[in-house]
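Below, each structure is written out as structure tokens.
Here come two complexes built around subunit A, the first alongside subunit B, the second alongside subunit C.
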Partner chain A sequence: MRLFWSFARQSFQSRAMYRFDFWMEIISVFFSIYAVYWIWNTLFAQSPGSFEISLAQMTTYAVLGMAMETIFLPWIGPQVYISEQMKHGLLEMDLMKPVDFQFHLFARNAGETFFRFFLLFIPTLLVSAYFFDFKLPATFLDGAYFLVSVFFAYMILFGLNFLMGMISIVTINIESISWAYQGVLRFLSGQVVPLWMFPASIAGVLAVLPFQSIYYVPISLYIGELQGVDAVRAIAIQAVWVVVLMGLGRFVWSRIYSKMMVQGG
Partner chain B sequence: MDTLRIYLKLIRISMKARMQYRADFIVGILAIIFINAISIGSISVVVTRFVDLNGWNVWEMVFLYNLYLLGHSIFSLLFWHFTSMESYIIKGTFDQFLVRPLSPLVQLLGREIQYLGFGDVIVAVTGLALAYHKLNLHWDVWQFGYLFLIVISAAMIETAIFWLFACISFWTGRSQSTFWVIWELSTMVQQYPIDLFGKWFRVLVTGIIPVAFMNFYPAIYLLGKTDQYPHYTWILFAAPFVALVLLGLASTVWRFAINRYMSSGN
Partner chain C sequence: MMIKVENLVKEYKLQNRKEGLKGTIANLFNPSFTVKRAVDDLSFEIKEGELVGYIGPNGAGKSTSIKMLTGILTPTSGTVEVNGIVPYKNRKANAQHIGVVFGQKTQLWWDVPVIDSLVLLKDIYKISDAQYKKNLNLFNDLLELHEFQNTPVRQLSLGQRMRADLAAALLHNPRMLYLDEPTIGVDIVAKEKLRNFIKEINQDQKITVILTTHDMGDIEKLCNRMMIIDHGKMIYDGNVDQIRRTFGMERMLVVEFEEELADFEVPNTKHIRSEGKRKWFQFHRLQTTPSEIITAISSRYSIVDLEVVEPEIEEMVRNIYNGELVSEEVSEG
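Right, the complex of A and B next:
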């Protein structure tokens, strides 16, 4: 645990952002929130019946989806770190550390995510509560479910990102694969369009993929769309995905590790 | 002419460097097609469900999206490297450009052809053709000519905007993150009719960062939606002028910035 904190703190400090970048990021998050806010409001004015939930729930869903991107940002994941190290032939430095590789990357990433949670995510929600009808959860339980679920969502995302990182060890360059990966994340996770709005056939496929556990599940818990047994079940499925993806990551890594030759070693 | 020859040579070299990762090249093009398909798909899911969005039906929005994308593809093929300006300033490598007897602009842009732009072209042309067919449009020769002019203007507008913002790094050392904001703005303009977002947003993307001229205003004319927007007249045809003015502005600022540029070293 002490090791975890020291890695986390280190990346926390090294990533303390440039102030200019920080403000630019805040501005772009608010543009994206502003956009989804107006889209849903316009659609609701056109046909209030088609939503299946209230306007307040819908805008809260949309705001939260955009705000969560500040902590789930694809550019800070472990896959970016791995592919940078690969490109510069520095991965051997990480192998020399007497620490489990996956754990090391997790600690690094957790530090940065922690930082972004307090400096970007929370302030974004506070401002949105004032300007964009962002509501607190209806009950204490919904809020508690959300927090647990967000944590699992983070672990699932980490697991997927780590696997992306494994791909980059094989292919060295993952820039374009990660573009596709982000497209998948953004649209199949329910970040922008809630899954119940998709045609039934697509929604059925999405239900068996891990992506919906990243955005759709936590946000639906937050707005109270998933309740009771459904809520517990959704969180349990998340937990299963965490175990599966982290395990798969370890397995793939151990295979790669045993075969790896570091160039110029 | 010499400049052009050197530029083409630089481009060839950077293409070669890029081809080192051949698998990534092909996957990249496929990825771009895939991302755009997903993004058009999810707009369609919503708009189909609600029949239209603010008076724009699905295929009109597909047209809007791809009109933007076609202009953008030219920008992204040839001028994408403006987004890397910051790193030359921070590392002080911009000085290399200044000591060589060739325009720094050509040296900068010669560094990269963003090949993903080919994917954009494929998507955009397909999308526009489909929309044209589905919307039962019948343009005369002049309207096709206008489409061509708009695509060129759109590319010039986007280039000029990125050029201007790249210049910021001469003063602040940073410009990368300003592109996130422009990116977010452009995505909104690309995907949705801008009057959806209220008056102030329209002022912003018309008068300050004029990306709306890349698709929204021309599309109103090309799609014959002038009934829906009776109060817009000359602005539907202003895109080429906006492009020229912006390019003039950007090249002036660029020259001014280079003249008083102090390197980050020493």
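Right, the complex of A and C next:
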């Protein structure tokens, strides 16, 4: 736990050092939000009746999808750290520390994400509420579901990213796979287009994949699209994915680790 | 006993890559391997508080054996024990009481100021506030850490980075310190500082040190014991003075003349080579002295410059390995 705070504090300090980056990031998020906001406004103006939800719900969905990228940012994940350490031959330096490897990476990433939640995500939402009709959740329960769900979504994303990191240990370079992975993630997670707009066959496949748990589930809970039993079930499925992916990550790591122990790093 | 290594063996399985399409398919279905023995039946013991120089040519098996001592590599056979712990079976427990500095690698985080890395290490090793403060003061005194503690690691000079890495390795008061080429690429002044620091913590805190280096100066200044390995085998384990006495007899005098000269002989020396206006003479420490040689030469030719070259550690190792310089004293230790 101390390690987690330590990484959060360090993120804060390095963020303070790279102030320019910080502002650039804020600006680029607002560009994305502005773009999706107008796309949905235009679409609704063209054919108001063809969407299942209201314009306000839709723009809130779209804004939230973009804003969440400030905490689910692809290039701060454990896979980036692992592949950097691999490239410089530094992974063994991490192994010489008296901490569990997966936990170390989790603390590192969670610390930074925690920092981003308060300094990027929340301010982005506040500004969006003012300029882009971003609405508060309809009920207190929707908001509470959302927070729990975002936490699980983060854990799922970490689990997937950690597995990507494991791939980078084997292949050393993950840049090409990484692009494909980011694309798949953005599309299949429902970050940009809500999953209920997909054809039923694709939506059926997505339902058994972990990706929708990352963006689609928390955002749908927020706008009240998932209610009651559906909401609880979606969160339960998230929890299962957390356990499965974390466990799988541990398993794969232990295999790779024992191979490294025999064959050298 | 701090370290106990018995009959340590490490073999790597290397896949033979066959060329061409047929070869690639053959590799997939019927891979063939060669076994490379990187460490071959190594046995030694190191007492608490010793400062041991660990040398050998590149690829001799130094890093492989250090990796087994630090617990990130499993031996093929044999036993390793560090402070009562088997490192590869208990990596985390072992990590808690060892410190590591690898000259070519850093354990500090690249993008953040040195002090931030140290704060993180404080939490990783669960170091108490008091101990952290005390050690930081010590590093300020001896390594002048405060001069660059707020600079990100990527902006440090090599000497500073090495000092910062030493601080990082010692922050948790390890009982055992592994130094792998800690002075590589560092200028003379900084090198001297690093050596003094290593000496000091070894003497004051009784930290056991294994020092891998190619720099004979490091060994001479710091170590009383030296282990030499080659092809994974221990070929010398003993005291440093003795190896100098035994193997450091051959020295070299390099003389630069005013003009290019034909080769000539000087009593008690061996003319090794000539290059332009310079000539190399090898001599034995007991047979003659540099001043005798200089007198003999300068009576006939005018000398512009000269230099006495001490034998290189690599050369000594090569000589020892080739069996040219084996003496009965070697068996000690």
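Just so we're on the same page, the second predicted complex is superposed on the first by the 245 of 265 C-alpha atoms of A that agree within 3 Å, B and C clash if a C-alpha of one lies under 4 Å from a C-alpha of the other, contacts with A are read in each partner's own complex, and residues count from 1 in each chain.
We take it that a contact is a pair of C-beta atoms (placed from the backbone, for glycine too) under 8 Å apart; a residue touches a chain by one contact, two chains touch by 3 or more.
None of these values were measured; they are calculated from a predicted model.
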item	value
In the superposition, subunit B vs subunit C on subunit A residues touched	B
Which superposed partner A:Val193 touches (first subunit B, second subunit C, both, neither)	first
Contacts of A:Val99 with subunit B and subunit C, given as first, second, both or neither	second
Contacts of A:Ile122 with subunit B and subunit C, given as first, second, both or neither	neither
Which of subunit B and subunit C A:Gln10 touches, first, second, both or neither	second
Touched partner set for A:Arg2, first subunit B, second subunit C, both or neither	second
Complex interface listing, subunit A residues touching subunit B	18, 20-21, 24-25, 27-28, 31-32, 34-35, 38-39, 42-43, 46-47, 50, 171-177, 179-180, 182-184, 186-188, 192-193, 197-199
In the complex, subunit C residues that touch subunit A	12-13, 64, 67, 70-74, 88, 91-93, 95-96, 98, 100, 102, 105-107, 111-113, 116, 119-120, 122-126
Subunit C partner contacts - residues on subunit A that touch it in the complex	2-3, 6-7, 9-10, 13-14, 88-90, 92-93, 95-100, 104, 260-265
Parts of subunit B lying in touch with subunit A, wherever the complex brings them together	21, 23-25, 27-32, 34-35, 38-39, 41-42, 45-46, 49-54, 116, 172, 174, 176-178, 180-181, 183-185, 187-188, 192, 196-198, 201
